[in-house]
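Look for subunit A in each of the two complexes below; its partner is subunit B in the first and subunit C in the second.
Take a look at the complex of A and B:
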């Protein structure tokens, strides 16, 4: 049955490749936001689902990755005292991923000593560190009031911005369309790498450490190294998601409070994606990202069209508020009725289709 | 790999004021089936954990051939040719049988996140080769038809076999079995005795067995060491040990009459 699955994935990829020809820019941007979430969620599902380490630090690594890219690719700006290295964007992106991976390793001595909810709380400290760093290191981040514009991504001279005229099949390809393909490419690489690793000895060592450290050690796995490795990989994914975040917003702007683009709420949103999708499932992380990051975007687009939830201010039913309720409810439903998440439901349906007799038992 | 001798030399293990092991010494001869028995809390599992490096001995040393095991970290064990099964099986219940057994090949393979993620040709090739060997080992242990079943869905007897298969996947010269028959019924135990016998006959490796089930031990072991309250009270052939009055008093007394 593997070829049916391969065909379905191929069909999905073709649809995703064709979408910019049909969708308006605002819908593309909603889709791009889901892809940002998907890259981060894959990283977290590897760490929390496969290696069994609860982390609420994802938002910090997002900020670190976004800042690293902006600094590495950006130029010096004398009057604002901004630091920049003028690196080619591809190099800056790889550099940002490497830097966040190193930050993840730097946290490994803490991560190796704590378990479960204790690790979760300790990792949350990083989010507050990020909040402080974002405000204090204005030379890097541009500060909370103005922020800093990231260099648009470009590959071999092709810019993923509104630069130049490009038309394909009569559709003008501007920034939204171009960034769609950039993000799709990055997501595809992130997805395939994760899938390959999960099925290999690396994923096996993570699961072994998650389920029984003594058994993992006796089988030749260095528990400390496996944990540090999982943290590094997960942070690198979050770092890439951070680069995508600043490219999506077109600005790097550190938060003023602990809730924002790189705040606690984002760390929790990533955890929600991973739980809804099914802990440890890479395809599940994709679906979780579509639900959690997609819902507020789609609701916002519909609400302007239909005139729903247009209230503003404190008590208003904004799309963000409504989606928080929806994914909160989704988490409760998953935990109560299907702890394996959407991935487990998917597996059950696939099992029933390929073997109807067993499904009826 | 030629089997080496395992020597436990004057090992003492203290937890605070408690002596879990008190100057315990015994040898496991190459190619022999050696049983370590004793009543509950006698220190059998502690002794295993010292050998594996999971516990640090307070005094004394353990050698495997020329290598001092008490100086090694536990993750070196597999590379030295020692495989171990666990009392509680300690498997990943959501993963398949093959995936669990393949963990035993960890020390025999290489490749980090990027190499494995990119599925480089040599990674895929070695992975396939090792999966074939793992399947062979499962076949040998009678679990070849459930390779792709999650361990959590298997009956208890099969789960214990998966654990042994994983230990064998290390390609050990010495196999440590921690109460493989715990919780099994008489029929399953008899089958297991047959399997352990076959492992030694086919692979010619040394086996150190911690066990409660006297019938199993006396039937298949070449040599038996008896622990009681952390002390070694007897060491000899099954017949010698069964005749030892101190052993009868400490352990076999009532139990032996029940089994007879």
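Take a look at the complex of A and C:
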């Protein structure tokens, strides 16, 4: 029944392509935020789900990618001592991805020696290093107080910003509409590459290492190389998500504490996405990102319409808080009742639909 | 010289508190092979109950209540969630504790709102003069309390029935079960002990002397430094937890003074990375060997 599945994916793609014609800008931005999460989550599900390496360092690579893009694409600013290379945005994006991949490889000597939980905690160290780097390297990041505006993305002269007038089918195409297609394109590339990796020799070597390192080595898989490769790929994905993050926020602003845009909470949110979606499942990572990154956005949009969460200050329930409760609980429920996550539920439903007799057994 | 003495005493004072937290991690890890990511939320929970009840119970009563309830919460997490999923591997259970941590932490931070209460009333901000050197009372009390608790723990661990049962289970779970050791009871007590230790630790962390910040999300971040402490020493070594805790405390105090406050947080983790590269299972941890 592969063609049914292919048709469903195609239908989803068409819907996603058509959405900017119907949705308002704020809803598009919510969707774009989900796509940012999805790209990062795909990277993490490859590393943690496929190769079995727990990582809490995703937020660090996000910061690294975002900073690399801003520095490579940005200009010199003498009065604030900002470093910039004025590269074309496309080159800067590719450069940022390459740099984060190299950072991932640089972490491999540590990662290769550690297993399971030791690795998870060791990777936590990177988030703290990132926090310090963001504050200390003001020439690159712009510092915690003001941050630094990234160069808007452009491709062969076409700007993904509010520049120029563009109208398609009577709908004005401004920044949110244009960025939607940019992010959709990036997500599509990320998604297809990940599917390819999972189904190929690379993915098989990752799963072999995950299931039993000794057995994998006996079968001729270079364990150290497979782990380093998984880290490089995963950090490259996080780097791309970092570029998307600064483009989405329209600013690169390092955090002042461990809790922020590139803090431990973000690493945990990405982990929540891949656990909810099902460890190792690429489509699952998409759904997880929709839940974890989408919920606060959608709640915020609805609440302004319906007048929820109007309380502020002490003891207020905010959309972000509610979403944290939801994904915290979702992690617990998934581990307790469905370790395969939503991907396993999806597989069971698909199995029942294609073979109704099996469901009644 | 005077500053150096102060720094070292600060370091050992902080280190004593980190040792309490790290010991909690290690006890849970030894009993169940689960790394408890919810430790920071236990710390917050104990501290929050002190804040909530100290007006009615007085500080001492509230402190006792806070410590006990942190222990009870840990026990509940184990009984209600972790013991229900015995088939799940330690890796998934560690992920589960992340979920627990998110929920408890967010709720307590919400309840605290903008207030950042200090909760070490009995010793906070009362400097002591010892031989011409001014020292923080919090750190001195922390060292005494930690020494007493840790000694008591090691005596119990070595000689009591619980300690023997616990070490047997850490050695070989099946064999321990075969000789009649109740695995569930050992595990539950391990969580209770870890929770109690976390409840004690917060009384020193959320003070002006220790962190200069009251009970808040920051307290949770400080408690995270117990991770490097436990990992440094080796996750399955109780003695390692003490050494790791003191190392983290010293590194924190020295790098805050000689480099910067912002760097100190990452310095602790840097030291952990260096140790892990040289000794992947920590200083005193058991090396994992693979049998084919």
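Assume the second predicted complex is superposed on the first by the 360 of 361 C-alpha atoms of A that agree within 3 Å, B and C clash if a C-alpha of one lies under 4 Å from a C-alpha of the other, contacts with A are read in each partner's own complex, and residues count from 1 in each chain.
Keep this in mind: a contact is a pair of C-beta atoms (placed from the backbone, for glycine too) under 8 Å apart; a residue touches a chain by one contact, two chains touch by 3 or more.
Nothing here was measured: the structure is a model prediction, and the numbers come from that model.
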When subunit B and subunit C are modelled together on subunit A, clash or fit: fit
First (subunit B), second (subunit C), both or neither touched by A:244: neither
Partner chain(s) touched by A:214 [first = subunit B, second = subunit C, both, neither]: both
Superposition-derived angle with apex at the Cα centre of subunit A and sides reaching subunit B and subunit C, degrees in steps of 10: 80
Which superposed partner A:259 touches (first subunit B, second subunit C, both, neither): second
First (subunit B), second (subunit C), both or neither touched by A:327: second
Partner chain in contact with A:298 - subunit B first, subunit C second, else both or neither: neither
Touched partner set for A:282, first subunit B, second subunit C, both or neither: neither
First (subunit B), second (subunit C), both or neither touched by A:339: second
Greater subunit A contact set [subunit C / subunit B]: C
First, second, both or neither for A:204, with subunit B first and subunit C second: first
Smallest distance from any CA atom of subunit C to any CA atom of subunit B, in Å, after fitting: 7
Subunit A residues contacted in one complex by subunit B, in the other by subunit C: 214-215, 218
Subunit A to subunit C touching residues, read off their complex: 54, 109-110, 113-118, 120-122, 124-125, 128-129, 131-132, 135-136, 213-215, 218, 257-259, 264, 268, 271-272, 275, 313-317, 321, 324-325, 327-332, 335-336, 339
Residues of subunit C defined as touching subunit A within the complex: 35, 81, 84-85, 88, 90-96, 98-103, 106-107, 110-111, 113-115, 217-218, 221, 224, 227-228, 231, 235, 262-263, 265-266, 268-270, 272-273, 276-277, 280-281, 288, 290, 292
Residues of subunit B defined as touching subunit A within the complex: 52, 54, 73-79, 84, 86, 90-93, 95, 99, 102-107, 109, 111-114, 116-119, 123, 127, 166, 170
Touch list for subunit A against partner subunit B, complex: 192-197, 200-205, 207-208, 210-212, 214-223, 229, 233
